[in-house]
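Report on the following structure.
In order of appearance the chains are A, B, C and D, and numbering begins at 1 in each one.
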Amino acid sequence: MAVHRFVPTQFHNVLGTREPVLRVSDGDTVVTFTLDAGGCDQANVERAPKPNPMTGPFFVEGAEPGDALIVQIQRMTPTRGTGWTYSSLAPNVVEPEILPQLRERDRVDWTIDPHAGTVRLVDPPIAIADLVLPLRPMIGCFGVAPGMDQAISTTTSGRHGGNMDFRGFEPGAIACFPVFEPGALFFLGDGHACQGDGEIVGTGIETSFEIEFTVRLKKNAKHGWPRGENASEIFTIGNARPLDQALQHATTEMLRWLGDSFGLDTVSASHLLGQTVSYDIGNVFNPAYTVVCRIAKTWLRKPQTSLGWLG
Amino acid sequence: MAVHRFVPTQFHNVLGTREPVLRVSDGDTVVTFTLDAGGCDQANVERAPKPNPMTGPFFVEGAEPGDALIVQIQRMTPTRGTGWTYSSLAPNVVEPEILPQLRERDRVDWTIDPHAGTVRLVDPPIAIADLVLPLRPMIGCFGVAPGMDQAISTTTSGRHGGNMDFRGFEPGAIACFPVFEPGALFFLGDGHACQGDGEIVGTGIETSFEIEFTVRLKKNAKHGWPRGENASEIFTIGNARPLDQALQHATTEMLRWLGDSFGLDTVSASHLLGQTVSYDIGNVFNPAYTVVCRIAKTWLRKPQTSLGWLG
Amino acid sequence: MAVHRFVPTQFHNVLGTREPVLRVSDGDTVVTFTLDAGGCDQANVERAPKPNPMTGPFFVEGAEPGDALIVQIQRMTPTRGTGWTYSSLAPNVVEPEILPQLRERDRVDWTIDPHAGTVRLVDPPIAIADLVLPLRPMIGCFGVAPGMDQAISTTTSGRHGGNMDFRGFEPGAIACFPVFEPGALFFLGDGHACQGDGEIVGTGIETSFEIEFTVRLKKNAKHGWPRGENASEIFTIGNARPLDQALQHATTEMLRWLGDSFGLDTVSASHLLGQTVSYDIGNVFNPAYTVVCRIAKTWLRKPQTSLGWLG
Amino acid sequence: MAVHRFVPTQFHNVLGTREPVLRVSDGDTVVTFTLDAGGCDQANVERAPKPNPMTGPFFVEGAEPGDALIVQIQRMTPTRGTGWTYSSLAPNVVEPEILPQLRERDRVDWTIDPHAGTVRLVDPPIAIADLVLPLRPMIGCFGVAPGMDQAISTTTSGRHGGNMDFRGFEPGAIACFPVFEPGALFFLGDGHACQGDGEIVGTGIETSFEIEFTVRLKKNAKHGWPRGENASEIFTIGNARPLDQALQHATTEMLRWLGDSFGLDTVSASHLLGQTVSYDIGNVFNPAYTVVCRIAKTWLRKPQTSLGWLG
């Protein structure tokens, strides 16, 4: 249960089979740094090319294909006082007919105040001059090597995780990725100081972070898609286009989970999901969109394993 | 500001230009009954053919094409102690590959206990023998005549509303429909005692209701899609397939609203939406899917009109 | 086997349960006129509002729900020397990012020369000053009343046919629609002098026609979607969004047809379709998109019925 | 203009930055072998793991990012007398509701007779006992390294080509890929003896081939997506889900081509495309679907460059 402090010096724009930067064990905690989506560090110096340069990969001892890697996000601390977004909605989230009415998408800056717990535009349009939003850090892109010799761009996502931009991946939340390569090869980056559902301007408030996370292993997990947990819910994630297909993946993974860990046959699971499920939209901007399927823990009995809800 | 008590005797399986059953005025309240989705009334007697037979239409004096009809859902009281659902997930919400694993979709019964505020399966599978869910009434299908001489089935939805199955349409919420025909011609029905996001078993808990609602008019509204309001949020609705297109409609309508009622130019609206928007999925079962675009009122200044947030 | 000459005086912008304009019998031929998509007649005089005003409905004696109405397109003769199109691609057929590069969509005129069998722009841009295209008439929108009390706009399509804009619906081709209402109630209009796949500028070359067609009945057909036939192929049609779903409907209907009329079990049909199927795209402009699933007659044995391939 | 005879000994299941197996020059011809989709060679011996193991990559001297690699398919000769397919439609090409009616997807064998130019099932179901189809070889998967450090699975496709399963990629056709890496790094494999549109059973008739192809370079091409040419048409290709988006990419690339090589402004291109475009569906089975946008050469003036239509 070691705590590793790791200062990255190289970064990757893919999740793939790359040389590990650190070997950690089941239960270990890592404290490290991430660049912003554009490759800039705590001093706003460009340290790697965009898009979404990743810190890692971390090799988790004992992880084998078929296992699942559990990543608990312990803490996310912004390492600088500024972030940036784009100034206009992404073209794919509005009706094509109104696109000519939208402005060019410029990059604009935000101030991050960790003490006040707020973010605000540096130079806001007059109509939102007073807008002060809460600082709410989250991880935009993280996951594991996708296996089969692939190296998948950090612009997109899949069964291995990647650029999901789900704002539920915040401190306190737990993510769980299927393992496709020995050691899992965990990557992370693309932190946001704030973000709405869908990442519909094409960014959250992009900034650099110090992140602390703990890894655990679930052996022979046979998961198909990322899963997760927060204080009140368990959730599954599907990444695909259109959203309809992402939703199919997420719902199918939840059906599998309800069967494997909670003993619900498909009829029981259908009743529970039918009357209580919630869906969230992670992103509708990246090449693969992200849908999250959520069930409140209150409707389930916690598995009596060392991994708890994820057991 | 009259209160009308209306007992329906005929029902419609479309929203279209049909003979009004009652004429009401801006500000009036109506107390009426709705059949369940299968056409059964408070005595569980079939009174109309499925699907989703509607009560109405109500002619609202003064409503003209281009106006908007505001409908406040004041109360929904179940009129019988039972409801029903299907026993298996709809085929379109899971990966096609696993469909052969799902059981046939049978109709099963639920008990509704208004005093306890609960619903439970009459004959639950053993794995969910103890499942007791909250009674949470909502309207599955309501809206106005779609204009252009159309009569659109209550299985689907569009700009005129219809079968949206959004669980936010509950007592206390306000819906707002574009008006396409003189008098608006408002229909309602398909009440659910409970429902998860997406209506993914193809039903909520279908039952009959007594519903009380109040109508108001917004003249020259020029809305494109349904809008709504609850205690903490304003929202817009898009109905289409795939979900991606429903989301485009909802987002575009919100952009329009933020401009027209709150004075936000597209850049200001993009900043606000980008960092604070939430999306809900109404249904992913009907021919047209439903996406809801939500913004917390806390980020906006309430319009100083008699119609408040919807003004 | 009468031949009816019918001059329409009223038109419909929906396919629905409307008063029949003429009663015809199985085997009869009708010669009638259609307005262009904008409602103009042979003299370019506006006779009905857009969109796509329909001639009809024709009541076919003996047609009952569950039957199929077979419509052979015998002839299409343009009734005036001009047609029109829009001057720019529809916004939904290009990448959203390039939309700002497209020009406004203006209405432009074409000359139709039936003797030369050609169409050309009246005032072509210099880059296509010499472009002369073949006159190739087709029906954009036709079909039957959709049943269930619906009246569906001529902008869209469904199981009942409608605005499919498939350029295979040309003289010599046969269309076949499921019947949902007594008498079938057949409508037609929206003729095009020429059109590419997808109707991607939002129009074909829109003009008025004299059309001659023959109707036959297939009793107890139990078809799910439109079907058709030309000299070399049989085909089925799905109408939905996205194209993926339209393709599912068309393929499923072909699977049904191969089983019912040609005795192919699903494995045999899969082999045949897998190695020989062709797909066409009818339209990618209307609310519902259209996909056509085609099989060459050479791979099938013609049913020994009076209805031939459609038997 | 050398002719290289290359016998592969290693294979890749991704298109990525891998060690070149041969360096060739602009204008050179290569004669080589490809395994079938399951990794079997001319002796039906498994030589590499599935899916779609690729021969290559071939390094083309002088190819730089921003160029385009032109690949002329000169010849495809099956190297064994057997191929295989799956026995049932893929689950995603039919309505979800009918999936339970489809049989399990088994692998079945076909006989290939190059002299007769035919293929037939080894053990056909009785209903198609006499079915003899034409031998019509095509390349299922080919393309270049996708750049940005990615290695993309041969199950899918993108801007770099990949598993497009377009039956127009047959002997005589020319393909053209954007170059993302120095040397382009060209891969090929997954040959089919026959295939319908869409590859809707999940395979063509999978077999091993000897393939002869010639490479040429177009410098500073700035293409966005694959292009191609056959005797009568030029075409562009989009790879994405849903089909709607693949069609957007293909149409946009054609618009670019019509502007860059044929001098058509967007209005002129819209007129031409609107009235003459054809769309083909490459595959609707792989993670990314494929749409082909085609224009007959007869409507265009051949560019006076050494690369002809692709110039």
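The working rule: a residue touches a chain if its C-beta (ideal position, glycine included) is under 8 Å from a C-beta of that chain, and two chains touch if they have at least 3 such contacts.
The structure displayed is predicted, hence computed values, not measured ones.
Asker: Among the chains, which is located farthest from subunit B on the basis of C-alpha centroids?
Answerer: D
Asker: List the interface residue numbers of subunit B and of subunit D, divide the shared ones by all numbers used, and answer same when the ratio is over half, different when under half.
Answerer: Homomeric contact, same residues on both sides for the most part.
Asker: Report, in whole Å, the distance between the mean C-alpha point of subunit B and the mean C-alpha point of subunit D.
Answerer: Distance between chain centres, rounded to whole Å: 47 Å.
Asker: Measure off the straight-line distance from the CA centroid of subunit A to the CA centroid of subunit D, and report it in whole Å.
Answerer: 34
Asker: At which residue positions does subunit D touch at least two other chains?
Answerer: Residues 92, 96, 241-242 of subunit D touch two or more partner chains.
Asker: Can you tell me which positions in subunit A touch subunit C when the two form their complex?
Answerer: Checking each residue of subunit A against subunit C gives 91-92, 96-97, 99-100, 242.
Asker: What part of subunit A is in contact with subunit D in the complex they form?
Answerer: 12-14, 16, 148-153, 240-242, 245, 287
Asker: Which stretch or stretches of subunit B touch subunit A in the complex?
Answerer: 85-89, 92-96, 98, 101-103, 108, 119, 121, 124-125, 127-128, 131, 133, 194-201, 203-205, 241-244, 247-249, 251-252, 255, 263-281, 284, 289, 299
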